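In the two complexes below, subunit A is the common chain; its partner is subunit B in one and subunit C in the other.
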Partner chain A sequence: MAVLSQLIANGLIAGSIYALMAAGFSMMFSIQRFMNIAHGATYVVGAFSAYLFAKIIGWPFWIAFPIAIAVATLLGILINHIVFEPLQKEKDKNLALLLASFGMFLLIESIILMIFGADVKSFGLPVERGMDILGAIITPLQLIIIITAPVVFIGIWLFLKKTLVGKALRATSDNTVIAATMGINIRAMTFISTGLGSALAGLAGILVALEQNLEHSMGMSAILKGLTAAIVGGIGNVPAAILGGYLIGLAENLGIWYLPSGYKDAISFVILIIFLLFRPQGFFGMKKREEVAE
Partner chain B sequence: MKHAATILVLAILLVGCTATGNNVNEQDVITIGVISSFSGEMAVQGEHLEQGVTLAYEQLDRTALTHSYRLLFEDDAYKSDKTAAAYRKLHDIDGASAIIGSDSRSGNIVAPIAETDAILFCSVASDPAVVKGRKYVFKHWTTPEAEVASYLAVVEQQGWDRVIVLESVHPGVEAISDMIEKAARERGILLERHRFQSGDTDFRGTLAKLKNQDFDAFALFLMPNHLQTAGKQILEFGFEQPRTTIEMYDFIDDVSLFEGEWYIAPADPTGRFVASFTERYGEAPESVAPNGYDCLNLLVKAFEEGGTDPDDAMTVIRQLKDYQGAVGTLHYSGSLIEGGSIESPALKKMIVNGKRVLVE
Partner chain C sequence: MKRPLLKISNLETGYDNLKVLHGIDMSVQEGALIAIIGPNGSGKSTAVKSVFGLTTHFKGKIRFQNKDLSKYKTHEIVRQGVAYVPQGRLVFDSLSVEENLDIGGYNLETETKKERKQRIFKLFPILKEKRKHQAGFLSGGQQQMLSIGRALMQEPKLLLLDEPSLGLDPKTQQLIFKTIKDINKAGTTVMMVEQNARQALKICSKAYIIEQGRIAAVGGPSLAKQKKVKELYLGG
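== the complex of A and B ==
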């Protein structure tokens, strides 16, 4: 029973991070309509900015972390403005955007490598023995991760449901053309969705850096898991992507109850393949009606 | 059109002449290439190798040498495709006559190509597969056999009979784990192995399953990005079993997380080498630095005494005996079937006050 509790706790910790990444992916996809791989770069920049401000410069966490999230947010907006916006006008834009986002990811990862070096870094927080919660050993930091993610998600849900900007975002996500005819500024919506998505990635990066460690190559695994979670939940639908994150986190961790630990990644990708084959719209997504030819 | 054709022919001739000229000049210079991870997850190791090789290169007594030597470095970022590309560049473009490599992963990629090209390859590797059946490849690292024997001697001394191995999926690690598992079984010690892919930094699932089990120690055969996280998560789970390893504590900068733990390390550098290294870099040599130093000196010795023919140069290496290297007195050991290595002893070390201290 204790093993089950622990595996569920582990699933929730991993799921929280995947859900943050997936929510960001989905939020941007719902407006921009392409897989923004550079999202992984904002995750890495969030983590390394926090490391720079808190560990190297020595600012207190409560100042360093919001600024690090702001840096990740600005980076996401800047990439969108400089690279993706011009490409959106291209005829064959989908492939160009995908390649450009991958290129941006590699470029930023290389810049991080150049600045911070390749060795594994850590915030050097004192290691403390975890608390026993329902048979699972959880450290205070892990508890913060488990609590932070849902709090952020409730905030996003309230923003999307209750505010005018949130409603405009949802309208744009539903149908860009109709939203534009209703007077919604699509460019502003892209700006907001990119900023919010990047902030979520920055936050995820900081949480992982605090809980584990930092290395310049940490973004790729976050992209893969975030994207898997977003697709499994239902890409373009933020709440579905969040649930997809938790689903993948729990499936991976419960899956290794009987399987060797090395199969953890394989579990999530098997789930991804099953979904792509049999339910491409995702667990919570609805099948899109076929577009009527002009 | 006629002019264009004439210009093209002249250009080709000019390039051809320049290329021939270069070859004539380069015949006097022996190029030694170094392939290592100067970026990526094992960049620390690459840096150590570069320091050792560079120091040896700087200290070459050029007045006593019959050949000139050129040293080139290629970064493989710890990625297999880049290792092969780095080798191809050093051999095909730069005309390298010998290669120095820093670990079993790159060793297993470079060794078969170097063997086909008859290029001398000194690999700072532990995996016996790197040298097995190869004429032009030798390794310079404390042999896994010596490290495994020392490790199991300590395990037996402690009276342990069940050890949990957390290991990275990596050829060098797997070679050590396979060897230690077999040797442990013969001694009645149970080794339970758990493997982790390089991107996986979450060990909590495995630790959860181990929580209520009875075992004596952890053996952490993990790469640096895994090692720190695993070491931390073991403590967070409240395990009190020792966290032992072979070599791995040598590859991380900050060992404070492993205070009080023992491990088996490859041979230590000699006092003389430590002194000259410290004078040059302002810090003590670590991990593969002395082996890189030895590799360069051994290759130069091979070319100086055996000439540029790879068979003759390798004969010099195979006859090596009582050579005073950076990790002590070196001997060549091996056969054409099993391959050869430059032997050096395994040591037991401990982490004391954040430093690696020799125990025995």
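== the complex of A and C ==
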């Protein structure tokens, strides 16, 4: 029983991070309609900015972390404005955008490597004693991760459901062309979704950096898990992507009850392949109707 | 003679490099109910979409209240007083009925929006009943009412409808045509692309027939009496 509780707790911790990545990824995808690999770079920048401000400069966490999230947000918006927006006008935009986002990911990762070096970094927080919660041993930091993610998700849900801008984002995600004919500025919606999505990646980066270590190469694994979760949940649908994140986190951790822990990644990618083959719209996704017929 | 509300001159538009309309001219007087009919692929929908900047513009002018609409972005055109009901009842599936109407009145003040929603609910009582329902799960007729209601939230001077009766059962089609007529009677100028030429010619004040991207005929409801129109569009 204690093992099961521990695996569920580990699944929730991993799932919280995956869900944050997936929610951000999905939020951007729902408007821009391409796989933004550079989302992994904003995650790394969030983590390293927090490390720079809190550990190297020595600012208190409550100042350092919001600024680190703001840096990640700004980076996401800038990449979109400088690189993706001009490419959206191209004829073969999907491939161009995918390659450009991958290029931006590699570029930013290299810049982080140049600035911070290749060695593994740590916030060096004191090791805290875990608490026994329903048989699972959870550290205070892990508990913060488990609680922070749902609080953020409730905030996102309220924003999307209750505010006019949130409704406009959902309408744009449903049908960009028709949303524009209602007077919605699609460029503004892209700006908002990119900013929010990048902020979520920045937050995920900080939480992982606090709990584990920092490496310049940490972004690829995060974007792959975020992407997997978004597809499994239902790509372009933020609540579905969040649930997909928890689903993948729990499946990976419950899976290693029977399999060696080295198979963790394999479990999520097998689930991804199964979904791509048999339910490409995702667990909670609906098939979309066509855009305006010609 | 009064200046037309909408004047389209020598318009050539299409999609990417493909030209669909080859120099069409149209004139829409305030208060008119214009029907655009023609065979599939003739460019009827393209004509309506061109007004809203949803096509590639090659040549020609679209003037609405003497303003050149081709200079505006799509999201700015609605503020000029033009609203659009797309083909296929494209409501926002994941939003509720009421949220769809909120988006229809995106640029409006909260109070105005509330008041207009009440008017739409009066026009389509079923939408009030289903206000909390997800729009994607409404019937075809209800979705068309929502699509029209959403466009009416702007209280537009010109309402553009693209195939409003498409895919609806005959009874619902009748209801939609009656509603369009009522909206027009209440003062809104209507420009409607329609496959159902018989019904369209019955309610319109003026009709354009488009064939292969060119205006083939212009006239009033009496077009229905012309032999060629009868043969081609009214089943003989």
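Observations, loosely collected:
Note that the second predicted complex is superposed on the first by the 288 of 294 C-alpha atoms of A that agree within 3 Å, B and C clash if a C-alpha of one lies under 4 Å from a C-alpha of the other, contacts with A are read in each partner's own complex, and residues count from 1 in each chain.
Rule of thumb we're sticking to: contacts are C-beta pairs under 8 Å (C-beta built on N, C-alpha and C of every residue); 3 or more make two chains touch, one makes a residue touch a chain.
In this text, all values refer to a predicted model and were calculated from it rather than measured experimentally.
When the shared chain is aligned, no partner comes close enough to touch A:81: not subunit B, not subunit C. In the superposition on chain A, A:33 makes contact with neither subunit B nor subunit C.
Looking at the shared chain after the overlay, A:164 reaches subunit C, while subunit B stays out of its contact range. When the two complexes are overlaid, the chain among subunit B and subunit C that reaches more residues of subunit A is B. By the touch criterion defined above, A:91 reaches subunit C but does not reach subunit B. In the superposed model, A:181 makes contact with subunit C only, not with subunit B. When the two complexes are laid over each other on chain A, subunit A has no residue in contact with both subunit B and subunit C.
Interface of subunit A with subunit C (complex): residues 91, 164, 167-168, 170-171, 173-175, 177-186, 237, 286, 288-294.
Those residues of subunit C lying in contact with subunit A across their complex are 15-16, 45-46, 49, 52, 54, 73-79, 83-84, 86-88, 90, 92-95, 99-100, 102-104, 106-107, 136, 150, 154. Looking at the complex, you find that subunit A touches subunit B at residues 2-3, 6-7, 10, 13-14, 113, 117-120, 122, 124, 127-130, 136-137, 139, 212-213, 215, 217, 220-221, 252-253, 256-257, 260-262, 264-265. Partner subunit A is touched in their complex by these residues of subunit B: 37, 39-41, 43-44, 169, 194-197, 199-206, 208-209, 211-212, 224-225, 228-229, 232, 235-238, 252-254, 257.
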